[in-house]
Amino acid sequence: MSVDYLHTHEILVNMGPQHPSTHGVLRLVVKTDGEWVTETQPYIGYLHRCAEKIGESVEYPQFVPYTDRLDYLGAINNNLCYCLAVERLAGIEVPERATYLRVIGAELNRIASHLISYGTFGMETGAFTPFFYGFRERETILSIFEKWFGARLTYHLCRIGGVMADITPEIAQDIRDFIKTMRAVWDDYNTLLSFNEIFVRRTADVGVIPPEMAIEYGLTGPCLRGSGVKWDLRKNDPYCFYDTFDFDIPVGEGLMGTVGDSWDRYWVRMREIIESTKIIEQALDRMPEGAIRAKVPKILKLPKGEVYVRCENPRGELGFYLVSDGGTKPYRLKIRAPSFCNLSITNAICKDCLLADVIVIVGSIDIVLGEVDR
Amino acid sequence: MRELIEYLLTHVPLLTKVPSIFVYAVFILIGAGVVLGYISVMVIIWVYLERKVAGHIQARYGPMRVGPHGILQTIADAIKLFMKEDIIIPTSHKVLFIIAPFLVFFGAFAPFVVLPYSESLYLSKMNVGVFYLLALTAFEVIGIIMAGWGSNNKWALYGGMRHAAQMICYELPMGISVLTVVVFTGSLTLHGITNAQGWLPWQWFISPLKSPFTFIAGFVFYIAGLAATKRVPFDLPEAESELVAGYHAEYSGMRFAFFFLAEYTAMYLVCAVTSLLFLGGWNGPLPRAQGWLGNLLGLINVLSKTYFLLFVMLWLRWTLPRLRIDQLLSTSLKYLLPISLGALLGAAIQSAIF
Amino acid sequence: MTFEEIYTLLKGRFGDKILEKNDENIDPYIIISPDAIVQIMRFLKHEKELAFDFLSCISGVDYPDEGIIETVYHIFSYLKGHKLVIKVRLSRDNPIVDSVTGVWRSADWLEREVYDLLGVKFKGHPNLRRILLPEDWEGHPLRKDYQEPAEYHGIPNK
Amino acid sequence: MRRPKNKVAEYFVNIYRSLATIAAGMGVTIKVFFQKPVTLQYPDELPVIEEAFRGLHIYEQEKCIACEMCVKACPIDCISLQYEGKGKKARIKSYRIDYTKCLFCNLCVEACPTHCIKMGKEYNLCSYDRAGCVRELAEDIYSERSTVSE
Amino acid sequence: MAGKEIAIIIVFYVTCGVVVISALIAVFARSVINAAFALFFTLCGMAGFYFLLSADFLAIVQIVVYAGGILVLLLFGILLTHRTLEELGIEKRTTYIAGTIAGLAFYLILIFIIAQGLWHQIPPKPMAPTTATIGRLLLTKYLLPFEISSVTLLAALIGSAYLVRRKEGK
Amino acid sequence: MTVGLIHYLIVAAILFVLGLIAIISRRNAVGVLIGVELVLNAANLNFVAFSRYAERGIEGQIFVIFIILLAACEVAVALAIVINLFANLGAIDVDRAGRMKR
């Protein structure tokens, strides 16, 4: 965007930690010249809860509920990644049915997370109604989760060696019904927001991240794919039989403006909802009968060693670096949070744009502060 | 109103004894009180409607708790607002901070003097009525800049400045689209303009059959009116996700209530003026009558049109995202202004030929 | 490329700067000398066959018994699809290592986090400040011998 | 969805597209306006709580053998157990759960060898103070006072 | 005396008070922004005078153009041209002494002239709408000045837009 | 004591003098503009008052319209100059405006 405006005095504005559109307690110190933003500096840490330190003081199975609290919108994905890390280090073989259940849970959770992202992104551009529509469908998912394993936000579904609860045919039917309604309302979502001219004008060509820049800054997930890089760990570094499912990896194509703009990142998320429904359907069809938990000793001792496992979360690549000294507790547990790395690009792209664009850009990166601050 | 007073002055023996200035003063006060009461009642209904419409559009119920279907909710809210602590920020500019809400409210309230509801139900038949309506928006602009400046808050200042820029841009297409109608009527009074429209829908100015140019001008006026009342998609001065609450971020309690009241009053005003200028005002398919029945029918006509436009406003608000400031300005200057100028030109040619 | 190939390539190029390798671990790693880190990393990123363009994670691990702090770099390649773990061993008393922000921009916040929680100083980092903890916090919490302060600005810890 | 190159064409396409997409969006909202709302009027209509729901704990004291497995399994140490004796003869004096800390993770339930603790359906956690959030689940059935009162 | 005249006298003096006091603030306020806000009340008071003088169209024009347009422009100008919000337009007092003295002297002269002048005053005509007359005069007798002024306005707009545009290479 | 021509003339005189004081004393360019507005308004008031109380008819009001129009032009151009002044000098002190010549 060419910056051609009347220069006046600069104002330093503190956006957050209590601001309606910073997704929690992010603080942006914005240097503005009138409506133009010349510099944006993010400050984080207001939600720091010492997750890594806690990880060193609890036993391996006991840390699983804490992972729920990282990216609380995609909690099952976090559970899954941590469990995969522990299982890989301990060499635990997970029953096939449990893996499919994990996939179903994780993908449903991904849809729920993207629905929130849809709603809040609409809200940031000033449209309130998408938020409620997104929540309407998310509630259905949460009700399915409640029926399945009894929690609505902090799921704790995956356990080391399997999952907590099995699904009944009734729940499977609920999931199939949900997929059907989701595909139907998805079109309404797009009519209401995605293709609305005002929305397109607000988001297209705003906060353009070229692919090289996205890789350089270590962006992952929809932010990376929005820039046109076709990279999805579910296909490229598969876990949980993801490589056997038939689904596309949506990438930003610059449909409304430049490749890598805010609209592309948003649109990648919207299309991932549909891809996730495909995965869930296939998983439901192919799921074998069998046990849902492997035999895991009550007091789990991991062999000495270290492992780095990464998973494709709704927000990007979640990594767990687990160091074991042979005891029952992790020696060191480093969490590579996708939002944390994605957020680090803000002061590079929130420059020479309007104040309203900063909000759109931060919204399109779709951060969860629970994960950024850990 | 004046006719009424003069009639009373000459015919009621008691009133002829007191100096007429007192009678005038008392009647002016009564008129103002009636308008104020009317606005308050209307605002309470509109706020309730807004929340109900919003609720149902968003697949929820809206207020349901206070009274059956929550109809007393707004009254409860109003009581809450007036009982709340009145906070005056110590770092604010006290004088500006205090007078700003009243100025804004005055700007929204004073135009009601010229709004007619039927041939004989009106307060004043000012002969520059339409201009008067446009002029009073100046009070709102200055009041909001004052609020933004007086609050001594950067977000509030942004809100005030955005509103000023917005008003400057949108007054132009608004005024020009009014002129498009005035070209046909040759009158600046709301009476004259309304009477120039027949009582069937295709005789109104909104009808493309009467004139395609006033049809366009009607839309331009309504859109500019949306911008003037800071409704979505033009709610930039108080954009919640950007400026927290914009110019009224630091206001609370009663002072906030005045802003709130002014906003809804202005909404009503824009809808009512649109209905008078373009939708035939008190003319409607209902049978015509004289006297109090005529007044009642006129009132029903005007109110039903106003409420329809109001519903469209709410409907738009809960559907659309917000524009960005540069898009807001270019919408006015690049689109509405040329379109309304074209419509004015076309209307002038049409009225000259036919 | 497999780990062995990468190792031989690096060993051939940098010789004794490559201190050690461990291929028994699930994720095999290479330990390199801290003074050559920027050269090696730059080589890893820009060498056509390696093309490690994605720095995923920088972690610090404290080993008080051996008196060292390890900084662990997990790097991946979008182009080739392979991965590598690089470790640097630093003395615990004065852990200083060159910053790799010049190689990957994503190292910026990751290094700040390691500095914040473990006290590793990254030489040449453009903005080495605390990131998660307040500016005036004392100590580095993820060190094993860290003692929780009794209070912070009058807020009791218990 | 490319925009036309011609400036004049773009001008009119913009107008058309704005009006068309706004009208389409309004169509979606008005459709929902006439549908039945999906929300519940909470205190009047209560949500259906599923069997699997993980709410406040239910504790069956007679089954408890005071093995402390739940206390060990709890990731956040929110369970405190006081007892005399072990095994079948154990006398439970108190079994407290601090709900200001509890994660509702179900790990205590899974650890219990006798299934004496499980998650219930109660979800109302409100309390006037912090102390009220600590719930005593064991009845003091062994003390003198309770036998006398019976 | 008729009630209407008393009313006019009351309104006149109230308006007078508003105009003079706000004009005093506008001139002597330390901060320019306060002066601009005070000017708003002066301009509204002027509109009140025009109403009293049966120039209803002018009163509306006064509010539309002055209060709604010029003043907002002034406020924009003030807010655009100050480094920090705190120091915004604080004036030094020293220059005022000379100015006030000169002004007062000039005022005495003006009062003297007004008092000396033999004003040929006719009894005021009844209040009547002026819009139609003004419109007719503008399009007949004063058509040339009207057109010239519109060209002037256009030129001024283009000129000011040219002045504030960003120079190349800056 | 009805309100007559003299009353308006005196008010206009007061406004004129106040505007003059502002023009003389203010060093802030926008403050000077405010003074100019006051002076123009004083003149306008005289015109309108004369058009009502003198035999000349409504012509006075036409002049007022032209004056208001000119005031709008003047403010637009003056503000453009003020902003340029600010961009070049970093201040809008009229005493330092002579430096514009370079």
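Per-chain numbering from 1; labels A, B, C, D, E and F assigned in written order.
By our rule, a residue touches a chain if its C-beta (ideal position, glycine included) is under 8 Å from a C-beta of that chain, and two chains touch if they have at least 3 such contacts.
Only a predicted model underlies this, so the values are computations on that prediction, with no experimental measurement involved.
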{"item": "Top-ranked pair of chains - ranking by C-beta pairs in contact", "value": "E-F"}
{"item": "Per Cα centroids, the chain farthest from chain B", "value": "C"}
{"item": "Chain B and chain D, separation of their C-alpha mean positions in angstrom", "value": "48"}
{"item": "Where chain B and chain C are represented by their mean Cα positions, the distance between them in whole Å", "value": "63"}
{"item": "Computed distance of Cα centres, chain D from chain C, in Å", "value": "40"}
{"item": "Distance from the mean Cα position of chain F to that of chain B, given in whole angstrom", "value": "33"}
{"item": "Set of chain E residues in contact with two or more other chains", "value": "57, 61, 69, 76, 80-81, 83, 85, 164"}
{"item": "Touching two or more other chains - residue numbers and ranges from chain A", "value": "6, 8, 11, 129, 133, 136, 192-193, 196, 198"}
{"item": "Residues of chain F whose C-beta touches two or more other chains", "value": "83, 86"}
{"item": "In the complex with chain F, residue positions of chain E that touch it", "value": "5, 8-9, 12, 16, 19-20, 23-24, 26-27, 32, 35-36, 39, 42-43, 46, 49-50, 52-55, 57-58, 61-62, 65-66, 69-70, 73-74, 76-78, 80-81, 83, 89, 91-92, 95-96, 98-100, 102-104, 106-107, 110-111, 114, 119-122, 124-125, 130, 133-134, 137-138, 142, 145, 149, 152-153, 155-157, 159-164"}
{"item": "Residues of chain A defined as touching chain C within the complex", "value": "44-45, 48, 50, 52-53, 56, 88-89, 215-218, 229, 231, 236-237, 305-308, 310, 317, 319, 321, 323, 331-332, 334, 336, 340-341, 343-344, 348, 373-374"}
{"item": "Touching residues on chain A, where the partner in the complex is chain B", "value": "11, 13, 19-21, 35, 122-129, 132-133, 136, 192-193, 196, 198-199, 201-202, 354-357, 359"}
{"item": "Complex interface listing, chain B residues touching chain D", "value": "53, 55-61, 64, 315-316, 318-320, 335"}
{"item": "Contact footprint of chain D on chain A as seen in their complex", "value": "58, 61-66, 68, 129, 133, 136, 139, 143, 146-151, 154, 156, 159, 164-165, 188, 191-193, 195-198, 255-256, 298"}
